[in-house]
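Listed below are the structures to be examined.
One chain, chain A, links the two complexes that follow: it is found with chain B in the first and with chain C in the second.
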Partner chain A sequence: MVKPAKGTTTLAFIFKEGVMVAADSRASMGGYISSQSVKKIIEINPYMLGTMAGGAADCQFWHRNLGTKCRLHELANKRRISVTGASKLLANILYSYRGMGLSVGTMIAGWDETGPGLYYVDNEGGRLKGMRFSVGSGSPYAYGVLDNGYRYDMSVEEAAELARRAIYHATFRDGASGGVASVYYVGPNGWKKLSGDDVGELHYRYYPVMPSTVEQEMVEVTGA
Partner chain B sequence: MVGKNCFAIASDRRLGVQLQTIATDFQRIYKVHDRLFLGLSGLATDAQTLYQRLVFRHKLYQLREERDMKPETFANLVSAILYEKRFGPYFCQPVIAGLGDEDKPFICTMDSIGAKELAKDFVVAGTASESLYGACESMFKEGMEPEELFETVSQALLSSVDRDCLSGWGGHVYVVRENTDVRCIFKHDHSDMILLRSIKYIEKELNMLLRDPHT
Partner chain C sequence: MECVFGLVGNDFAIVAADTSAVHSILVHKSNEDKIMILDSHKLIAASGESGDRVQFTEYVQKNVALYQFRNGIPLTTAAAANFTRGELATALRKASIFVAVAIYNKALPCPGLYKGGITSLPVYCITHRTRDAALLISNPYFVNILLAGYDKETGPSLFYIDYIATLHKVDKGAFGYGSYFSLAMMDRHYKSGMTVEEAIDLVDKCIMEIRSRLVVAPPNFVIKIVDKDGAREYAWRESVKDAAVPSA
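Now for the complex of A and B:
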């Protein structure tokens, strides 16, 4: 049975310099756009990020809960929790609520002692380790651009541009994605927000309108 | 939307299959004759077929009566054609706008089985129709001149489609007054600054064209 997709586009990938995380910012209720400025990249702690796809309340609450548990781990063990450990904590919680209607499709990205880490965790209790993920209704379109342009040894700027483009192309084709494309980078010193560009502006930056075409259409109508 | 001896008809430009966007330059408004325009929202294939059927009937009418159809008559024709398919309807909501006798503007909309809704001020149709009702209700004024009407219609359209996943990508706006007919297409940005600039640019062009109707 095909799962109904969560209306959003988020992606993350590991490369030589760390982890790049990007997402759109549109919240839709069926066809209605309820907001164009939702923060879909949640800051769990200064070196770990989570992405939001699915129910906003579910994702926000459980990520904050995860942040709390990570802090408790730090206090109890006098060292930071690994990305593996954090994602396992979340996956176990979601598994215990399986079948109760939570809607969470998240990626946990971070930098720990073993280097960059990226896990995909969802509301059915699934947990996958990987190098590239995209979640949401716009993910097929984002994968198309991401898989094509991905190389392990990219610089931070190249990776950011790839992530931005992938989100932009997903927002172009998918009606449930739009708003602002935010790009975050997770490095050895923690995460840093790199950019937040309106996808409408990105459209004209990538595909500028030629003035002559517009002028042609500004004349009297000869036929419909 | 109705103005002073003129009317404006506008549509968005997106064509999609549920959430996926297929095209960003889709034409939804058709000219039936110089003083009568038809906008068709809903299923694209039904819109095209319905338009072709209506143009055929109008051409027959022109041959028999040796004149163009009045908007009120055309509205009755559309309603009848839609009701013919009462139990297997066209999935379209038409919006009809035209200038009748003595250049009096006429607008009406219908549901997909031909129930006419006449209005004196504005009519709306489509996936964002609820938003459009709100936007038009608050922005509409009686007796607007073509320049102001264009501005109002564009802003109402854009603010409504910005709240709808299934509409967008700019708009087509037709403003028709007496014997002039000006078409404008404006690109759409989420950024207000850029939108304002392109509206001003189009306004300038519109003013130039309206001042001299024979260009």
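Now for the complex of A and C:
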């Protein structure tokens, strides 16, 4: 049986200039859309971002907790924590709670001394290092667009457009994803929010309504 | 499903594992290295739940290193295998008490979600005059392990350790759906004292068989070898190239 996935679409990928992180903003409870404006990209510290998929409370709490631990590391060691270290901290915490019902599918994206870093961490304690990930119920749709359009040497604008497009296509097909597609960029100087577009508006931007000739027209039936 | 298999040759042991990290129908990564180098002359190929696999093998690795620091000599392969099995066996049955007032107040979700066996018993706490329900839950590691190593005195060896703490010293072993194909291939073509070339040929035969017959066959494999010169990566067999991970 396919496990029900966390109702969202988030994605992140590393490219030449840094890391691009994007997410939708819909929160759903079964068939009810409880919010269209959820912040799913969480700012852990000025150079590290976390994405939210699964339980909102779990993700928010544990990301805030991770931010605290990262700051303590900075104070104790007089240097910033690496993305590897931060993701391992989170993975160990989640592993110790495994089986207790936490629902967290997150990506930790950041820029440290070794350059851009991206890790996928989930509530089972799994941790994967990679170049691109997508998490959530809309992730298969996003992966298709992302894998096809990805090149390592993209510019920031091209990468942002790819991320936006992948989120849009996922929200188009997945009912549990929608709202606003936010795109963040993590570079050597930290993260920066690039855009937040409503996916409904994106639809008409990508597929504008063209005036076309009518194929068949209904006419009045002459009385008989 | 994860495929891990290995065999013992003339003066070496070889293990191969698939390299896909999968969550339900999604392949998150197809170049995940599941064979950890335990120490200079030992390899641990693990398959199982994502969190357990990494956490448990790292735990074994650190304890093996600790033994070497404390005692000045490394563990033998057999000793490391027995240690690993012991930890799995302990985690399997040693129940820890998970006290929860909330369970008594019916605030926590259904106990069916918890792994392992559960018994609950009401505990009367005298000091606080409350009645709390205590859950005894075991926390088994769902990891299957093939431990390959080379010792100066005894030569190469391979140990089969499964998630319920079975331990066997074997010449060839396999885990996962791929084992249905690789075990028969190895039974047919294996002979004791194979050279590296013959062993790699057999491993490739198994990989080809898995790729052609298993319905959700993993596309990429990694092969690692351990002999008198140490444990090292031998080759990758890739039919799908994943985006390269920048080296740490």
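Everything that follows uses one rule, which is that the second predicted complex is superposed on the first by the 209 of 224 C-alpha atoms of A that agree within 3 Å, B and C clash if a C-alpha of one lies under 4 Å from a C-alpha of the other, contacts with A are read in each partner's own complex, and residues count from 1 in each chain.
Just so it is clear, a residue touches a chain if its C-beta (ideal position, glycine included) is under 8 Å from a C-beta of that chain, and two chains touch if they have at least 3 such contacts.
What you see is a predicted model, and the numbers here were worked out from it, not measured in a lab.
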item: Which of chain B and chain C A:Asp174 touches, first, second, both or neither; value: first
item: Contacts of A:Asp122 with chain B and chain C, given as first, second, both or neither; value: second
item: Contacts of A:Tyr207 with chain B and chain C, given as first, second, both or neither; value: neither
item: Chain B versus chain C as contact partner of A:Arg98, first or second or both or neither; value: second
item: Touching partner for A:Thr114 - first (chain B), second (chain C), both, neither; value: second
item: Which superposed partner A:Val199 touches (first chain B, second chain C, both, neither); value: first
item: Complex contact set, residues of chain B against chain A; value: 16, 18-21, 27, 29-31, 127-128, 162-166, 174, 181-185, 187-191, 194, 202, 205, 209, 215
item: Residues of chain C defined as touching chain A within the complex; value: 21, 23-26, 28-29, 32, 49-52, 54-55, 108-109, 113-115, 137, 139, 242-246, 248
item: Chain A residues touching chain C - in the complex, by the definition given at the top; value: 2-3, 5, 14, 84, 91-92, 94-95, 98-101, 114-116, 120, 122, 124-133, 139-140, 143, 150, 152
item: Footprint of chain B on chain A - complex, ascending; value: 7, 26, 28, 31-33, 36, 137, 172-176, 178-179, 198-201, 204, 209, 214, 217-218, 220-221, 223-224
